[in-house]
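Have a look at these structures, which come just after this line.
The following pair of complexes shares a single chain, chain A, combined with chain B in the former and chain C in the latter.
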Partner chain A sequence: MIRRRQALTAWLFLTPAVLFFALLFFVPIGNQLLTGAYGSDGVSFVGLGNFTRAFADPEVLHSFLITLAYAAGTLVVGTAVGLGLAVILNQSLRGRTLFRSVLLIPYLTSVSIIGLLWRNILDPQVGILNRLLEAVGLPGQTWLSTHPLATIVGITVWSGAGYTMVLFLAGLQGIPGLYYEAARIDGAGPWRRFFAITLPLLAPTTLFVSIIGLISTLQQFALPYIVTGGGPGNATSLYAHRLFIVAFNDNDFGYASALSVLLLIVVLILSLAQLRIGERTDA
Partner chain B sequence: MRERLFPGDRVAAYVVLVLLGLVTVLPLLYMIVLALQSDGEVQSGDPVLWPADLQWGNFTRLFEAAPFGRFFVNSFVMAGAITVSHLVFDPLVGYVFAKLDFPGKRIAFVAVLSTLMVPFFVRMLPIYSIFASLGWIDSYQGLIVPFLMDAYGIFLMRQFIRPLPDELIEAARVDGAGEFRIYLRVILPQCKPALAVLGLFTFVFQWNEFLWPLIATSRTEMRTLPIGLTLFNQEYFTQWNLTAAGALILFVPTAIFFVITQKFLVEGIALSGLK
Partner chain C sequence: MPSFNRRSFLQLGLGVTVLGAVGCSPAKPAAQKADSRTFTIYWNAGHGYRAYKDVIDQFGKDHDLQMNWQKFQWPDLTTKLTADFRSGNVPDLVEEVSAGTGTQYGLAGNVLALDEFAAADKEFGFPGDFLDQAVVARQYEGKTYSIPLHLTANGLLFYNKQMLSAAGFDKPPASWDEFLEVAKATTKDKVSGCALNSDPSYAAPYYSQQKVDFSNVGAKQFMMPADGALQAMQWMQDLIYTHKVSPAPVATTDYSGPQKLFSARRAAMFVSGPWDIGPIRQGSPDLDLGLAVPLTGAVQSAAMAGAGLMIPAKAKDPKLSWELITKLAAVKVELAATKEAGMSMPRKSWAADPAVAADPNLATIAKALAVVAKQDVALSASGKAAQINELWKKAYQQMIIQHAPVGQTLDDFRKQAGAAL
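Our next item is the complex of A and B:
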């Protein structure tokens, strides 16, 4: 009797959530799977045609390859910076809380601000960075025309390093201090302790950071959209930007749906891998 | 126990921290300098570290050059409504998953959590099509409805409510309180700290949201601040001082959030796992 009433209450409380997730997640996802099977007119059925088209589309292939390069660059540099910051800020230093928080500000800042701010700072005509470099005798760079992708990687690392640091700080809290004591007694120096204890024991965190980093870089859209508009040429037209163009410039929703289903498949595989790793390291 | 680097390395640690701290903060401080420069100064190409004459008028010129007041209101309505919705529904759903027992619970919970794996791009196109046919493009409901709840908030609230003692709920039931009354009077008051975290994070992240407002609006008067700012910059790209002034206005809630949460910001982010 009570159980039945509780079940009734539970589903009553869940009704808005059921409606929301059904109508704004599951119906759209199902719709997306179906739309991907239709041509650019939205009427003619092309089956898996959009998918085979994607694999043969040089622009999609290009966007996928530069997205991988972007992801690799962001992950390597971002992980190193985030880990370094976490190790330094895991010590008992004065002002530690303030430093930890300050480094998080870019992560909380709108991508509009970040994109526009860096576009101004890097501008060859009015930007301040080249003037500063020239002032110390270094040559100025045409950042966004000569090294567009590397520059986007740099801005991404700048804005995300604080978040990576937080994840590594959580990982560092989990390493028992005893290990370091023992290593110190055995005469291991700080670098030795870092490479023999910290780094191996942080392996699960590093893997976690890498996978969620990869998932978010695969979906990166706004930063290159604001900073370079995907250019010059299509040098920074990442996969999500290509998808956006196919949908809203070419108005080819069928093809764009197929591209988003491919994105879904990759993200699902990565998310499931992350769950498996999480389960294994918890046990 | 925290690992210590060797003595003397403390100095090296501070040098690295101060350098990286400056790299983090200086661009944002430069934004303030930029916002107060005259048109001549921003276009000169000479570095201006302190404007000769602080141009406070840039802020009023900004509102004349583009409907920034309207952008601000739109952003506020969107982020505000989504935050209220999260504060109403996320704890309610979190409570159901934390404390009630019912057939279908596991499936429902897994279904909600599985939405975390879905890239926004996957549901964006169909929602856009549906909203277009409903006439919801360029409307507040169009901006708000896709984000009324999310699995992060629900999961955060469930984790917070789970350790609360069941005896509280049992006692209220014995006293004859209805289920909703129990939730409202017994559970919700315990959740204040979690609700504060949830509300602040939701507001700041929605305030900064870029992709959906870009797609869901096309009329100038329905643009939100992040979109209005980038469009304004494309139209008047030499007006970097006005763009920076607009960026500062957009930055205000983040700054307030930072000041309020500075002490528990790191724990808050680790706790909520917001991406």
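Our next item is the complex of A and C:
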């Protein structure tokens, strides 16, 4: 009787969350799956046709490959930058609270603002960055024309570095100072302490950062849309941008739904793989 | 102190919720008009002229309507509208991106054919008082899917009189050879002789000047004849990479890059349409702006441009939407918008007005309108225009921004566009 009452209570409290997930998460996913089985007219049933079509679509394959490159670049560079900043600002430096706060500002700023800001900064003719380069005698660059994807990676890293830093700072503050003390007594230098203590003990944080980062980068849409519109050519047309073009430009919601379901599957697989790797390495 | 158990907490929570819903709901102010409705308009951000605002505000007052005038950049307007058509929750009136967009939506059943409204409203003067080219481009199989709001030509030559004069030219270039000569002479340290656009639609005057048609849907052909297309696009590419008289444009969703360079006196010339007159006047009022007729390559040619007005098929009250169209496209409003922003209009009676006839810029625009290339209405009717334009954008940016080989890129585009049809 007590168990039944406990179960009832549990369900009572769980119901809002279950309803929330069902209505806002599982129902839309089911709807996407269903829509993905229909053609561009929204009426003709094509079954798995839209899904198989994606594997032979050169534009989709291109967008998927550059998304992987973008995700890899952002994860590697972003993690390194975030970790580096965290290590530096974990020291007892003067003004470190101010630096931490300033570094977090880009993360708290709207992506639209960031996109417009960098679009203006990077403009080869009237942008401030080339003016600064010229002022110190360096030639101006066509950032968004010659290295568009790398530039988008750079902007992403810049905007997310503060958040990654905060996560790593939390991880760093969880490492007992005793370990460093013992290592110092054993004669370990700063690099040795970093690679032998800091890095291994930050493995759970690193795993968390990489999973969250991977999920968000694979779904990246707004930044390249605002900065380059997916161009030049289709050099920054990431997967989510291609999906958007298929839906809102080509008006093919069936195919777009299939692409979104495929993205969901890829994100799930990669996230599970990362978790499994984390378990194996005892992260 | 009373003891609380789970049940009493639930009762308390329920009580608070009910009280909040009933007792704390805002009282209806006596002054609020009970039947005030909302009328939603989607508009281009660059066309938010005072002349239109006045009409819209007055319309709201006359009909006791809350006017919800939403302004977007063209790509965002298209996205919003597509989502609206999908959901069935549509605005009451929409500014059409370009001639043919209304046809595309109309054939899919999303916007209304307006012929019956026009026929019943003789005073409005449609189509009799409108120039044929603006009307025909919005018709398919005897139905008209939008009413022209602006009629403009992309291909006008904007030039800085002072810069050309300093380089020894007392008149603007008229041919491609002359254009290149002026561009070379005016290119200096931080000033480019000309500026090309990252938006592919701005290539239209150049290829139409080599007698190239963007599409021939009946024959499933694009950018033909091939030798003319190659010549036009190679010439544009050479302006940047061989002659170095234009900076490579930056890939962006914003089409105003060349205008901004020109206004900042960083470019001596650029090719565009009347919509750039207003921003230049506003941003650089002391710039000595010259406006010249389209260049002559194999022929003199411009590309027809200009927005229209369309009514979504599921609009709440299409008659009301039509009434607003007639007010926005009235001659006196056209004249007010022209005075305000230099925009050219589709009515014959507008062109005949003394204020228009006496304006040197508008006379230049009229000459450009006389040489606009014919549009392929079948492309819009195919329902594939947006998809093919996206392919063209990719090809154009590859050639102009990424310096891809012109011949190969055009061939790839033709294959992809043909397959999309």
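The rule is simple: the second predicted complex is superposed on the first by the 245 of 283 C-alpha atoms of A that agree within 3 Å, B and C clash if a C-alpha of one lies under 4 Å from a C-alpha of the other, contacts with A are read in each partner's own complex, and residues count from 1 in each chain.
Going forward, contacts are C-beta pairs under 8 Å (C-beta built on N, C-alpha and C of every residue); 3 or more make two chains touch, one makes a residue touch a chain.
Given the structure is predicted, the values throughout are model-derived calculations rather than measurements.
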Clash-or-fit label for the pair chain B, chain C on chain A: clash
Touching partner for A:Gln125 - first (chain B), second (chain C), both, neither: both
First (chain B), second (chain C), both or neither touched by A:Ser145: second
Which of chain B and chain C A:Ala7 touches, first, second, both or neither: first
Chain A residues touched - chain C or chain B, whichever exceeds: B
Which superposed partner A:Pro106 touches (first chain B, second chain C, both, neither): first
Touching partner for A:Gly233 - first (chain B), second (chain C), both, neither: second
Which of chain B and chain C A:Phe253 touches, first, second, both or neither: both
First (chain B), second (chain C), both or neither touched by A:Ile245: second
Chain B region in steric overlap with chain C, selected from 19-27, 55-63, 91-99 or 127-135: 127-135
On chain A, positions contacted by chain B and by chain C: 9, 125-126, 226, 247-248, 253
Residues of chain A defined as touching chain B within the complex: 3, 5-7, 9-11, 13-14, 16-18, 20-21, 24-29, 31-32, 35, 81, 84-85, 87-93, 97-106, 108-113, 115-118, 120-121, 125-126, 128, 131-132, 135, 158, 161-163, 166-167, 169-170, 172, 175-178, 180-181, 189-190, 193, 198, 212, 216, 218-219, 221-222, 226, 240, 243, 247-248, 253, 256-257, 260-261, 263-264, 267-268, 271-272
Of all residues in chain B, those that touch chain A in their complex: 1-6, 9-10, 13-14, 16-17, 20-21, 23-25, 27-28, 30-31, 34, 42-47, 89, 92-93, 95-96, 100-105, 108, 111-112, 115-127, 129-130, 145-146, 148-149, 154, 179-180, 183, 204, 207-208, 210-211, 215, 225-227, 229-230, 233, 240, 243-244, 247, 250-251, 254, 257-258, 262-263, 265-266, 269-270, 275
Chain C-touching residues of chain A, taken from the complex the two chains share: 9, 119, 122-126, 142, 144-145, 148, 225-229, 231-236, 244-245, 247-251, 253
Touch list for chain C against partner chain A, complex: 6, 75, 78-79, 82-83, 86, 108, 198, 247-248, 250-254, 260-261, 264, 266, 383, 386-387, 390, 393-395, 397-398, 401-402, 404
